[in-house]
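Before anything else, here is the set of structures, which you'll find just below.
Consider the two complexes below, in which chain A is the common component and chain B and chain C are the respective partners.
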Partner chain A sequence: MVSIPPVLLIAFPLFFAFLAPLINMVSKKAVKPYTLFVLLLNSLFAILLFLEVQSNSVVYEQLSGFYPPIGILLSVGYIGAILAVVINVLAMVVYISYFGDVENSVKFSMIYMLVTASSTGIVITGDLFNMFVFFEITAVGSYGLVASMRTKKAFEGAFKYIVLGSVGSSFILLGIATIYGYLKTLNFYDIAARINTMPETARLMAFIFLLIGIGVEAEIFPLNGWVPDAYEGSSNRVASFLSLGPSKAGIYAIIRLLFTLVPIMSGFTLALILGIFTLVIGELAALKQKDVKRMLAYSSIGQMGLILIAISMHSKFAFIAAVFLMVSHALAKSLLFLGTRNYDAGTLKNPWIAGPIFIGVLSIIGMPPFPGFWGKWYLMLNLAAEGLWSIILIVVFAAVVEGVYYARFLFKGTGSDARSITKSEVAAIFLLAIMLVLIGIFPQYLYTPAVKAAASLLGGGP
Partner chain B sequence: MRKIVAAIISITVFVILTYFFITSSAPINYTTGGQYINPITHEHSNQSVPQQYLKDSKKDTGASNVVTAIVVEYRGFDTLGEVTVLFTAATGIALLLDELKRRNVPHDEPNFIVKVGSIVVLPFIVVVGTYIFIHGHLTPGGGFPGGAVIASGFLLLLLVHTNRGLPERKLSVTESIAGMTYALIGLLGLVFAHEFLENYLPLGTFTYLFSAGIIPLIYIAIGFKVGSELGGILHNLKGVHEE
Partner chain C sequence: MTYELLQPVFVISMALIAIGLYGVMSKKNILKIILSIGIMDTGVNILIVAMGYIPGGTAPIENGNYPVYMDPVPQALVLTAIVIGVSVTALALAVAMGYYRKTGTLELDDEGVMKW
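Right after this comes the complex of A and B.
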């Protein structure tokens, strides 16, 4: 078996993104196939990395020739490998939808590659400051992607995102500085081993700083003011990409913060409360929306809340639920965002679009046999086993609200500005739908790694 | 009302933070606060990370500037990321401003002193910038400040020639080649040594120009890259198109 150094997942797309302007000068037509090739290569690396993690349970790679924590360490555990595969493969599938489009900008493709690479970087790094650097690339790239439509709404969304994103970045930096000031280290596992030597208040402060900073990217309740505007202003494909890449990386960082960096019980309680608020407010706001993209954006917030609730239960089954919900959200939301522009009362009759969208909606609201169902099922089982009936009530209430507005969306079709769908978009939507169905029918292929990810994280490992 | 609420919230946050930073007994000395643990082998060290940087950087990297040793060698991967942040920002600005149509604002002719002075000053700016990034491993400075100094030369040019832009295509090619060089230097580390960005060149004589292995090469690449990127940003913000 080929062993791939994890750093190639980041270094190759960076190199190819730097090369892209030269390709553009030689031939403008070559840019899209070239970008697709780079994303394909990266997906291949991610899958190989996942296989390697399956045989070794964790892959370490030290960089610059110094052992950690002197140098930077990349560490890929199960959860990182799962998310690396999800981000890279889905980014490639969504990029397919760009083919056959008149608009052709090499700069857009470059930013697309860079954001894919940096989202992957967040999930495979083992170093706090390195994670911050990748957060910066992800955020700066996402501002550009959101604004790339150059409409009034796009600039409004991007501006809100920039303001919140920069405040969030400074909070992450403050948190890192607090930890480094006491422990003089930046490596996740070195911090985890010695976090108890920090004074109580300092530890709590660092936790809250990091939570605020990461929460902006992970779309958590008081920090997600940018989400609806940014998703509404950006093009459908960018919205689709944002909901599969940067938001998943943000959730991964929350997992790392809660389980590895500062594993205090009050942290999990705080995350649970924030998760409940995010869920309820997101779903209720989605119910009121008239615009389809805003509705999907608020629904995304609700899903993030549900994932956060599942993570904060700090138990094996709930974490498996979180993995299924993340995969379901990445697949189904990117499908819905890709499809909605073409989805109004007229296109309901077009089975090529209506069919996959129906599958996506079913997965989001948690109908069997799709991954969303498995996620909600495991979460319910866990909540019932722990006797947390009040949370079950809240989750069921949110699911009912979700069902109502998605049913309205399916039958009334509130979508606007329909246009003829390109073949490449249909292809991308279909690929996503097929993946949803496959994971729904064969959940064991995701269940086994998810169990191992949960076991490793609960044991304090990667 | 909103202003009052906002003021109250920010003052409260400020008070809490100040209280926290005053009362917490943060260790200021770099030697305290941590004998680190290697997370792979679980070995305990008898010193902290910054202590080790100060003690071993000469032996490990051959650079007489410790800051450079940390930025380019010990934490070189972060620096590749930071370069990419700037690259992404410049690309985003170009993406947004590239094809926007601009009104033709009549420009005033620049001052005579500025015009003549620029001819005298410009070569010195470029030489100083180049000096800063070539000697990054010996003296304070490095690729980022050196590139920024060179970009200030570009700014001077844009101010003097009010209706002309910079050669965008050449800047873009320079930027691409410099970025690829940095990534390639890192990837060659996997080939000639064992790890990404690991040094595989001889360390040379301490404090001499040809020393510290790959550090000067990386800083030259960064210098070119930052200079051309900031120049590109200035060109895009001015909005005059010229090939």
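Right after this comes the complex of A and C.
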């Protein structure tokens, strides 16, 4: 089998992103097929890497000729490989919807490739500062994507995103400084091996700084005020991309922080509390919304809260649930954001659009046989087994609220955008719906890697 | 002993971070918010550079006459952070221009950026 060096997943789209303006000078029409080709190849690399990780466990790569801990290390664990595939494949599928669009901008394609590369970078890096740099590339690219509509709402959303993103990056830097001040290292495994030599308060402080900072991208309370405005101001395609790429990379960083970097019990408790806040506030706010994009954005916040609750349970089944919820959220939310561009009650008569949207909604509210159901099911089983009935009540309450506003959305529609949906958008929506159905019917293909990821993380490994 | 020497630096950087955070949370004017972000960044950068301080050290260039030198890693980190900060500020100003062209004002129209 071909062995793919992990650095290719970052370097390849990065290089071709900056080549895109040259392609644009030769032929304006070539930019979209070119970008799709780059994203397709990168998805292929991600899948090959995933298969390699599945058969030989973790893949490491040392960069720039220095041995770790001084040199930068890339390490692709089970969960990193799963998310690399999710981010790259879905970024490609969502890009398909760009074909046949009147708007034709090389800048959009460039930033799209950059954000894909850096989101992938977050999930495969093994170095704390490297992760910070990828976070910044992801964030700056996303600011640009949000502002690309050039409306008042777009600028407002982008500005809020920039401000909270900068505050978040300062917090990440503070966390890095705290860890570096004590341990003089930035390598994940070196930190993990010696984190216990840090004083308890310093560990907790580093954890809180990093959690708040990463929480901006992961849409976690308290610094997620940008989410509704940025999603409302951006085009449906960008909203769709943001909910599958940067937010998943953010959740990955939280997993890494909780399980590898600073594995303290108070950290898990804190993450659980933040998760509950995020879930309840997000779902209740979604219930009030009139605009469909805002509703979906608040629903995204709620979903991220649920994922955070599952992760912070620190148990095998809950982690498997988190993996299913992440995949369900990435697929279904990007589908809904793309599909709602022209969804109103009248569209229900058009089965080509209504069908996939129905599947997406069913997966999000947790109906069988879709991945969202498996996620919520495993989470409930785990919560019941541990006797955490209060959390079960909260999760069920949130699910009911979710059901109410999604039902309202399905039957009343929104009609927020007058433009009609293009053929390529229908194609992208269909691909996403087919993936949702396939993973829902054959959950074992996601279950097996998820079990390996959970076992590896709970054992203190990557 | 190192940390006693560094205490004033810690105080200054914490003060800068607090001022920046206060500005971000309480101001409505876009330019003031961008300035506050800059102040906060500076505070964090000062803190990180101070982390690499070694008493009596020189610049981190290998030289037989001066065997003691500062920790080069925080300096490299801060350089990266400064570059990122500058580009984010530039982007924020560009967005501020766009906002001004659309609305004719630089004031955010609700309770600033912390509104949910």
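We adopt the following convention: the second predicted complex is superposed on the first by the 460 of 462 C-alpha atoms of A that agree within 3 Å, B and C clash if a C-alpha of one lies under 4 Å from a C-alpha of the other, contacts with A are read in each partner's own complex, and residues count from 1 in each chain.
Operating definition for what follows: a residue touches a chain if its C-beta (ideal position, glycine included) is under 8 Å from a C-beta of that chain, and two chains touch if they have at least 3 such contacts.
A quick note: this is a predicted structure, and the numbers were derived from the prediction, not measured.
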| item | value |
| --- | --- |
| Partners on chain A (chain B, chain C) - clash or fit | fit |
| Which of chain B and chain C A:Val7 touches, first, second, both or neither | first |
| Which superposed partner A:Val133 touches (first chain B, second chain C, both, neither) | both |
| Which partner reaches more residues of chain A (counting touched residues only), chain B or chain C | B |
| Chain B versus chain C as contact partner of A:Ala318, first or second or both or neither | neither |
| Which superposed partner A:Phe159 touches (first chain B, second chain C, both, neither) | second |
| Touching partner for A:Ala285 - first (chain B), second (chain C), both, neither | second |
| Contacts of A:Ala177 with chain B and chain C, given as first, second, both or neither | second |
| Partner chain in contact with A:Ala147 - chain B first, chain C second, else both or neither | both |
| Contacts of A:Phe18 with chain B and chain C, given as first, second, both or neither | first |
| CA minimum distance (chain B, chain C), superposed complexes, angstrom | 5 |
| Chain B and chain C footprints on chain A, overlapping residues | 129, 133, 136, 140, 143-144, 147, 150, 181, 184 |
| Chain B contact footprint on chain A (complex, rising order) | 5, 7, 11, 14-15, 17-22, 25, 60-73, 75, 105, 107-108, 110-111, 114-115, 118, 121, 126, 129-130, 133-134, 136-137, 140-141, 143-144, 147-148, 150, 181-185, 187-190, 193-194, 197, 199, 201-202, 205 |
| Touching residues (chain side chain A, partner chain C) in the complex | 129, 133, 136, 140, 143-144, 147, 150-152, 155-156, 158-160, 162-167, 169-170, 173-174, 176-177, 180-181, 184, 186, 225-226, 228, 281, 285 |
| Chain B residues within the chain A interface of the complex | 20, 23-27, 30, 33-34, 36-41, 48-50, 52-53, 60, 73-78, 80-82, 84-85, 87-89, 91-96, 98, 100, 169, 172-173, 175-177, 179-180, 183-184, 186-187, 189-190, 193-199 |
| Partner chain A, residues of chain C touching it in the complex | 17, 20-21, 24, 30, 33, 37, 40-41, 43-45, 47-48, 51, 71, 73-74, 77, 80-81, 84-85, 87-88, 91-92, 95-96, 98-99, 102-103, 108, 113-116 |
